[in-house]
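Each of the two complexes below includes chain A, the first together with chain B, the second together with chain C.
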Partner chain A sequence: MNGLRSFFGLSVYTTIAYRRRLALSILAFMVVLVGYGIVSRIRHVRNPDDKIVPNIAQLVSGVRYVLSPGENERMLLIEDSVASLQRLGVGVVASFGMSVIIGMSLALFPIVEAILFRFILYFGKVPPLAILPIVFIISGLGETTKIALIIIGITPTIILDVYFSVKRMPKEQFISALALGARTPTIIRRVVLPQIMPPALTSLRLQLLNAWIFLIAAEAIASSNGLGYRIFLVRRYLAMDVIIPYVLWIAALSFTFDALIAWWIAHRYPWYTR
Partner chain B sequence: MTNTFKKFGGALVIVAMAGIAIYGIERRAPLPNAQSSIGKCKTTQTFTVLWSIYAGWMPWPYAQESGILDTWGCKYGIKINLQQADYVPSIEAYVAGKADAVLMTNMDAMNFAGTGGIDSTAIIMGDYSNGNDAVITRDGLGLCDLKNKNINLVQYSVSHYLLARALETECTGQSAEKDLHIVNASDSDIGPVFVSNATQPAVVTWNPMLLTILSQVPEAKKVFDSSQIPYEILDIMFVRTDVVTAHPELARALTGAWYETLAIMKASSPEAERALKQMADRSGTSVDLYKQQLKTTNLWYTPKEAAEITRSQTIKDITPQVAEFSFKHGLYGPNAKSAEAVGVSFPDGSIFGDNNNVKIRYTDQFMQEAATDKQ
Partner chain C sequence: MSHNPVVEITGVRHGYEQTPVLHGVNLSVHEGEFVTVVGPSGCGKSTLLGLLVGAEQPWEGSIMVAGELKTMPDRRCTIVYQQYSLFPHLTVFENIVFGLCAQRLRTLTNHNEESAHVWQYLRDMGLEDAAVKYPYQLSGGMEQRVAIAQAVITHPKVLLLDEPFSALDSARRQQMQQFLLDVYQREKMTIVFVTHDLPEAIYLGTRVIKLSKDRSQQAGSRIVLDTPIGYPHPRPIEFKSSAEFQRLLNTLEQPGSGQRQ
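For the complex of A and B:
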């Protein structure tokens, strides 16, 4: 009973030893791998050339393909990653900067709030892909469109997160700061910004997946390189042996960024996660 | 100062990242061999041409990357900016005025450019689908046995047209389009869905999905393909009529580059093999599979052949059929009164449809010039 309890109890009184935790985590990965292996085996018995669930040999040749030099004499994977990460980097960073500035202004200045709050609340709900032809007209078929899609897609949510974070701050903090002689710029810099950075960064973490979704969608539509472009290119040939390594690579990149932001929050704002 | 850095270090890092990323994008120079000739010539104007991946259009990126396109642009003092996009978005961008020229089928030209009010001129008759589009069924199901069955296709595309024509020509009195359940699917999903779902009875699609499906599903077979309706699905280079009127040199440069590239492909030389390899790579496939696709794509390799077909009665005969299909399926929009809503003019000056609304113009002028070496 006690043994079971030490596994299935509430977190208040249950702790699982690190090694066991690790073993259980690995188990989850193993279950998926074995399940995949079985499905792949069954499909290959029926059709030795099955491409939908590639076996190890096919995956190896897929990986070899993505590591082979493309038109630019660079490895396909590297070329695509560089192209995609530039778009993602510019899109995410621009979104974040704009969101923090707009979100703070909305919460701090009633005049901005009066003009923009309902507008953002409403137009933030527009699915960017549905208005793609309009985005084309505004920004053409080049890099700008891909970056614009990311910005249109993730900015509204982060803005609102920043807005509500500022609104949640106790009024007393502002009053004390004003009483101590602080003026608006000082209040923004010393009182507001340090407190809303962690929730804003957390919001960015959650929006990273959306940023990837919009990036891949944009690359699928108008591009000649990038991770999303390659996936949609080879999808016509059902080349899952190429798509699976790409997807795992995207997940690895995304996981790294997520971990970096989490680390930065924990390192820079230790009071936040405590 | 250190205190400030501590507080805003994160922001600084982010700004620096943005700087690096923007710098990176700025620095991404064109391919080294693409700029070889452009440095030396004076170009007055830049034109944007959109292309999408299709067996019969892969010579275009090759023309660009090998420098052929730039050489021809240079000759006429213009810069041609060839840009890749997905098929439908490329047409949307063209209709939105974001490009001067686009590669599309005769049917989509009438439906998108024609109804979108973009007067377009067909300057290069590229190829017709000679088996590149097909109806595929499972388990020996015949074309005329599809009554009440689900059939996956990209709605209102040439696949849809092919199905309508197939039923019309082969199954009169047995089953018509209205007896089938047409399920819209995107072109990138159509293959996986059919392959992985054994209860899916039929699909209409084009290459490379076609070859992939047939190689993956042993019990699947082609019951109708576009070689049974030759000349009906045409792949054409369209240029905005106002642009080509003001700048015929754009059409001349494109025509010149196109036939030079095709001549390289057609020759049996190491250069041809290299070109085919590059085209196959660009479309994400092997040389063998690409050659298989070319077999079912009837390219007109010489300007003479292309000009002849443009002048022929065939083009005049198929245009009303395509218009009829488009009108019947509502592709001309709710305001169209008849299949003749969009006017189409032919090289001899005759016109199909509305005289006052000619939006699609077939001309053999530039192909003829290339054929008689006036360039």
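For the complex of A and C:
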């Protein structure tokens, strides 16, 4: 029994060899794939035209469809990905920039803290999807609305993460910097900013999923292209053979961005990930 | 040693919230003096240093450094803490030149003439091999060595050290004491050094100040002993085992002797 517990790493303070860890990770994927295959097989035995849990042949056909040229002579998947990634990129970069500036200002300048902290704390709790109609009414159905929704959705959390990161910095560092002759702009640029970038980027990693949620919600309601638009368009025809590849593609994109940010933090800020 | 007082503390009273920590503190530190401040935990040694660096303002009294009132941290006094003195995101080289760059609002490259002086300084401080390392890659002793080098390179009027060797084992502590004495000799600086270790205070200082709480315990601490240490610098390690050292230790351990106020 103890051996079994140790094999699966169920005892505290036990370590699992890398190969075994990898095998267990692959096992999770395999369980889902096999489970899916069994359910699909059962459903297709009952109904050979079943569309809810498509079989391999249906999925291959769905993938062929998404890789076929769309209106702009480009593959549908590429066309939708470019549209979505543009919105996501602008929204995330704008949100990150604003969050760093506002978060640092909140933590460093008491007057900004007095004015904005409770405001951000309060409005940060408003679910962005609840104000989606307001944003549509004010900004219309254009690109601005979709980007605005991402910004509204993820900025307050990143602001607060930046704020607390600055507040956690030892006050000795500020005193040392002042005593060494640095003034406020130098302290912000050379002491605070480099130290809050890794936690801010970590916060961004965690907020990427929310950014995708808000993007897909906005595209589902008011768009003529994009990954979210396509998923909700084909939903009407129960086209699971298209929806599943799209969902897996979004997961792959999201996973890649997450891995890239994690790599950047480890590579650019070795002192943070020591 | 010059007779100009570089630090003048007059009638200082200070504390936290409603609790007084220091009261009636008067102290003059002359240029080139190495003043060590000792006292039990919570007697206000670090508070005194916080006031000297300008991180806090006294409730009463005044602190003058180099003839000017001290109201905030500035380049007249640099400080080395027990920890957090170094910037974790900068390499040893970058930490050391931080003050120079901040004061001159530019970046030192590895190629200009000033950089050559910095490299020479790193060699003098025994830090050349660690130049590209980050603080987390250094031992505790090395980290404090860098912190002292960082604080000294800007040539402050006064170098303040707040129990900088407390976290080190005794061998490293002895090495660092020797290192600090070498720096003191070379740079001819004015130093105020806080420690809870009386032998360390006697070994390093040209003058030992003892802070202690009043009998009433209500008013806060004041300076109860102010003893010059006549043994000349540079001090060999043998000084610690000399009869003179033992005599000073006995004198300073007795609360009544050498009373100043």
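Heads up, the rule we're going with is that the second predicted complex is superposed on the first by the 262 of 274 C-alpha atoms of A that agree within 3 Å, B and C clash if a C-alpha of one lies under 4 Å from a C-alpha of the other, contacts with A are read in each partner's own complex, and residues count from 1 in each chain.
By our rule, contacts are C-beta pairs under 8 Å (C-beta built on N, C-alpha and C of every residue); 3 or more make two chains touch, one makes a residue touch a chain.
Small disclaimer: the values here were computed from a predicted structure and weren't measured.
S.K.: Go through the superposed model and pick first if A:194 touches only chain B, second if only chain C, both, or neither.
M.R.: In the superposition, A:194 touches chain B and chain C alike.
S.K.: Count the residues of chain A touched by chain B and by chain C, then name the partner with the higher count.
M.R.: Touched residues of chain A are more numerous for B.
S.K.: For A:84, using the defined touch cut-off, is the partner it touches chain B, chain C, both, or neither? Pick first, second, both or neither.
M.R.: In the superposition, A:84 touches no partner, neither chain B nor chain C.
S.K.: Would you check which partner chain A:105 touches, where first means chain B only, second means chain C only, and both and neither mean what they say?
M.R.: neither
S.K.: Is A:172 contacted by the first partner chain B, the second partner chain C, both or neither?
M.R.: Touch status of A:172: second partner only.
S.K.: When the two structures are overlaid on chain A, which partner does A:237 contact: first (chain B), second (chain C), both, or neither?
M.R.: The answer is first: A:237 touches chain B but not chain C.
S.K.: Across the two complexes, what residues of chain A are contacted by chain B and by chain C?
M.R.: Residues 194, which sit in both footprints.
S.K.: Name, in rising order, each residue of chain A that touches chain B in their complex.
M.R.: Contacts found on chain A: 47, 49-52, 70-72, 82, 85-86, 89-90, 93-94, 96-97, 132-133, 136-137, 140-143, 189, 193-194, 197, 201, 220-224, 230, 232-239, 264, 268.
S.K.: For a test of understanding, state which residues of chain A touch chain C in their complex under the given definition.
M.R.: Residues 170-173, 175-183, 186, 190-191, 194-195, 269-272, 274 of chain A touch chain C in their complex.
S.K.: Okay, in this complex, where on chain C does chain A touch?
M.R.: Residues in contact with chain A: 53-55, 72-75, 77-79, 81, 83-85, 87-89, 98-99, 101-103, 105, 134-136, 150-151, 154, 156.
S.K.: Report the residues of chain B in contact with chain A in the complex, numbered from low to high.
M.R.: 7-10, 14-15, 17-18, 20-22, 24-25, 31, 50, 53, 65, 83-86, 89-90, 92-93, 96-99, 187-188, 191-192, 195-196, 208-209, 212, 215-216, 218, 278, 281-285, 289
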